[in-house]
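Below you'll find the structures, each written out as structure tokens.
One chain, chain A, links the two complexes that follow: it is found with chain B in the first and with chain C in the second.
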Partner chain A sequence: THDLQNVLCSWTTASATDLGLSYKFCYGLRYSSPVCEKTQDNRAQMTLNSFGTTFVGIETFNSSANLISKNTFRLREENISYVPITPQIRNLTANSSARTLNLEWNYGGLLVPFDMDATWQIRILRKDPIETVALETYDSKLPGNTATILSWSWTSDIPLECTTHYAQIRCYLHLEVFSGTKTWSEWSPLAKMPGQDTGSLIKMFPVDEVAQVGTNLTFCCVWKRGQSFKKIGYSNYSAALSPPVRLSNWSAVIYVQNANKSIEAGDNAWCEVDPGDFTGTTTFVGYPPDTPQNLSCETSDFKEITCEWKAGRPTNLYSAERRTNYTLFESISGKNVTYNGKENPEYYRCNFLVLNNQRIYNFTIHGSNPLGQSESSLLININYRVHPQTPTALTVINNSPTHITLAWQLSGNLMPIMLQCLVRINSGGAPEDLNVQLNGTENLTYSVSIDKLRPYTKYVFQVRCSAIEPFFWKWSRWSENKHHTTLEAP
Partner chain B sequence: MEVLPVDLPNLRTSSSHSQQGIASRISQAHHLSVSMQRGSEQLLTEYVLRQGIPFGNADFNPHVPDFPGLPSPALSQEAWKDLSDAERLQQDVMAFSNLPAFLSAVKRQQEMLNSLASELHRQLETAGMQCRGMASNLKSIMTAMGLMPEPAVPVEPPNPVENFSKKLVGYYVCQLYREWANRSEEDLALLATKYPL
Partner chain C sequence: MAAARRSPGSSPHHTDLCCRTVLLLRKMRADVSRLLEAYVEKQGLDKNFSLDLVDGVPTASTEQWSEASDAERLGDNLKAYWAFQTLLNEILEEQRSSLTPNDLDFHESIQSVLLQVSALAYQLEELMVMLEHSVPAKELEGIRGARERGLFEKKLRGMKVLQELAHWSVRSVRDLRQLSKPVQTGAIPHVSCCLALKK
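Our next item is the complex of A and B:
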């Protein structure tokens, strides 16, 4: 039975030749009048009786309508098999770049008023002559009384363009309520996903694939009617290449084990066919982005925060389509900045505008390339990450034999913090360092008075600054030297 | 009909003067072609090196197709000899007028595909400049010989999508550049015998 309502019966006849035979098929319960039908076929249908015994009588008549045999059978539910209705694949689609076949089928078969477990077997076939390349089992639950659309996908080991792929499905319903034997449904009709091996073009697949070092690669070549296949080569591999496997009249595939890093322009696979034609494809073999390393963010002027990081292991993938793209996210404000600087610098840098009234920044640097992604995070308070710029425009004012005022400029509005500046005073002997604390200003200008100088003496002044403890982060660079000779004593 | 007196010696001096002018232009162009021969060899070697096997394999010599505006210069010896000076020069002018567009298309593709190959980019750039120089030299020779160079026909270098096709087209263009450098050297060497310095 397919539907727990009707039972399909079939039988065989002992006589060697059953030409012209006809049958009278009757069934019924013990004390009920039987239901009969005449048939030329040796099959008939009756209603399923789930409780008790059904009595079946089959009378066989020869072509002269003479009764030649009469058989009776006692059928209980256990003697009946439940064969689910064959599922139908309603949609077979391919995602070539992901090499996935996506099956969609509906189960409109037995609608029972309760949920039911179902097991599906999906068979993928290809090649000429056709052979099964995958037999996968998939369990699901069918909601009661509901026609269901189910879907499942399969990832191919070869590019789908290489040859035509077929899919078939059958199901087994875990019908607890049925005491008879339960079997698999029939296989569905083949659903077909045509390949490019139609004899109309010469081409290799995959095209421009990006693969990870150490993985196994697959290349196939399809060629034209009238051409004959010679060879497929890949980079300088010969040992690691499998012998080509024919897929069909106009398609062959090779497998490359444990792929090495490719050259920057990608390694090539090529296919030679007679007479004198060839085609090829390029594959880029590298790594997914490494976790960004040494992520550090600082500000020099409370206008911009500069984050820098190192890429870690090189990915060996270049150009706009394949290199690692970095994006700097800031989760508190929800803003992000994309890196668009030079390819493969030693340090990557991104500038992020300082936001009004926001001191705490939760940065995440996210790197992605065709092989994967990775990220690093950093939480900072920019007051603790001030790295002043190099002091500039050192000038001497209020010049006297023993005292001067040294002024300089520090760009950026450093109002939020207290600065410490180290003035290095060099007059030929051991340099003397003067550490002064200054309020950060908006107008860039700072100065300090220096006394106890020797008259008419050559001095060299240098300055560097940083935030004071506990906000210290980094010293600025030293300023340029400022040469100055004090006035002569009066 | 009035017959203008002609001062033969001047004519002879002026025609020998223009003969000398042509000869020196041809010599200059010939020197450039010799340099381009070397340059085109180096370019092809550098190019092949950067594309990966099978480029550079001994048995890798695919047929180089013609491109609109940049045909193969290959000719049989007879056919080449049968060409007139004007035809030779005109074919060279067309090729070297169109090669820069092809070479810069290859450069653009290689800057994407081989961003680190700065030497290759430099050689492609130099080749384009030399082609432009050669084209103007050849035009000036033709003009000096009283020939009218045909106007250049705009060309559309191929711009394939797939990377292997980009590599292949670049290979073909470098091959064609080398072939035209060799061809122009032969043409100019022949012309130089007719217009000795």
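Our next item is the complex of A and C:
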């Protein structure tokens, strides 16, 4: 039975030839009058009686309508097989770049009177002569009395363009309530995904692929009717190449095991056919982005936060289409910035505008290239990440024999923090350091008075600043030297 | 060393321009040969690849070489080098954007050859004007189909461009020397072109 309602019966006859035979098929319960039908075929249909015995009688007549035999059978549910209706592939699509075949089929409705588990087997075939290249099993649940659309996808080991692929499906329904034997449905008709090996063009696939080091590559060549295949070559001569495998009249494939890094412009696979035709493709073998390393973010002026990081292992993939693209996300504000600086610097840097009234920043640097993606995160309070710029424009004011005021500029609005500045006083002997604490200002200018100097003496002053503890993060660079000679004593 | 023979009607300026052009051709030939070698290696190609099927590149070989007139000779050269300007620009863009984006030295060597081709085209045009030949129209049409080509086809094409450019630099020297040959009749001035220089 296909539907737990009707039972399809078929039988065989002992006679050598069935010519001219006809049958009278009757079925019924023990005490009910039987239902009969005459048939030329050796098959008939009856209603499924799930909870009792069905009595079946088959009378065989020869071509002269003489009764030649009479057989009776007692059938219970256990004696009947449940064969699900053959599923039909509704839609077969291909994603060539991902090399995936996507199957879609629907099932259920009246065929599935109540919720049940189902197992599907999907067979992928190709080549000429056709052969099975994949047999995959897929389990699902089917809701009762509801037509369900199911889908499944398969990733091919070769580019789908290389040759025509076919898909077939069958199912097995886990019908606990049915006590008879349960079997697989028939295989569905073949669904076809044509390849490019139609004899109308010469080309290699995949075209300009990006692959990961260590994976196995496949290159196929399709050629024109009337041409004959000679060879497929690969420019990475250290690679382990399989001999070419014919897929069909106009298609052959080679496999490269455990691919290693390609040259910057990509390794080449080429195909030679007679008479004198030639085509090829380029492939770039590299790595997905490594986890961004040494992610560090700081501000020098409370206007911009500069994040920097290192890429880690080189990907060996270059150019706009293949290099690693980085984006800096900040999850609290939801804003992001894309890196668009130089390719492959030692340090990558991105600037992120400081946002009003936001001190805490949750940064994630996200890197992606055609082979994958990776990210690193960092949570900071920018008050604790102040790295002042180099002090500039050192000038001496209020000059006297033993006392001066040293002024300098520090760019950026550092109002939010207290600074500490280290003034290095050098007059030939061991330098002396003066540590002063200053309020951060908006107008860039800072100064400190220095006394107990020796009159008429040459001094060299330098300054560097940082946030005070506990906000210390990094010292600025030392300023330029400021040379000054104190006035003579009166 | 053969003495520089002066034909009637050729001025020292013609000869000087012609000499400079031959010198440029010789330098360009050396640079193109080096560039071609580097190109083949950096693109992972094989120098024995058959490039016969690569089209859209001016080919130096021609059946009618010996019968061509001076105007045709110079005109063919000029059109070829105009085409090479476009093709070399295309190659340079492909290398910068997609194939060897980080190899700045390599880009510079392509750029250098490109500049020499531009100078060569300029000098040939000047020579034609001087010799009162009509300068052919410059077809500015870009080379078709660039976008659809895969990277391998672009690599092969670049190899063919450099190969043919090397051949053209040899042909052009011969073409210029062919101009120097005295012709029995005809009033078109000839030019004495550095015959004394080494081949």
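Basically, the second predicted complex is superposed on the first by the 481 of 490 C-alpha atoms of A that agree within 3 Å, B and C clash if a C-alpha of one lies under 4 Å from a C-alpha of the other, contacts with A are read in each partner's own complex, and residues count from 1 in each chain.
We adopt the following convention: a residue touches a chain if its C-beta (ideal position, glycine included) is under 8 Å from a C-beta of that chain, and two chains touch if they have at least 3 such contacts.
Here the structure is a predicted model, which means the values were calculated and not measured.
J.: Once both complexes are superposed via chain A, do chain B and chain C end up clashing or fitting?
T.: In the superposition, chain B runs into chain C.
J.: Answer with first, second, both or neither: which of chain B and chain C does A:M46 touch in the superposed model?
T.: A:M46: touches no partner chain.
J.: Thinking of the overlay built on chain A, is A:I417 touched by chain B (first), by chain C (second), by both, or by neither?
T.: Neither chain B nor chain C is touched by A:I417.
J.: Kindly classify A:L241 by the partners it touches after superposition: chain B alone (first), chain C alone (second), both, or neither?
T.: A:L241 sits against neither chain B nor chain C.
J.: Thinking of the overlay built on chain A, is A:A265 touched by chain B (first), by chain C (second), by both, or by neither?
T.: In the superposition, A:A265 touches chain B and chain C alike.
J.: For A:V83, is the partner it touches chain B (first), chain C (second), both, or none of the two (neither)?
T.: neither
J.: Intersection of chain A residues contacting chain B with those contacting chain C?
T.: 204, 207-208, 233, 235-236, 262-268, 270, 276, 278-282, 318-320, 343
J.: Per the contact definition, I'd like the list of chain A residues that touch chain C in the complex.
T.: Chain A reaches chain C through residues 204, 207-208, 233, 235-236, 262-268, 270, 276-282, 318-321, 323, 343-344.
J.: Would you pull the chain C residues touching chain A in the complex into a rising list?
T.: Touching chain A: residues 42-46, 49-50, 52-53, 95, 97-103, 150-153, 155-156 of chain C.
J.: Can you name the residues of chain B that touch chain A in the complex?
T.: 50-55, 62-63, 110, 112-117, 162-164, 167-168
J.: Write out the stretch or stretches of chain A touching chain B in their complex.
T.: By the definition above, chain A touches chain B via 204, 207-208, 233, 235-236, 262-268, 270, 276, 278-282, 318-320, 343.
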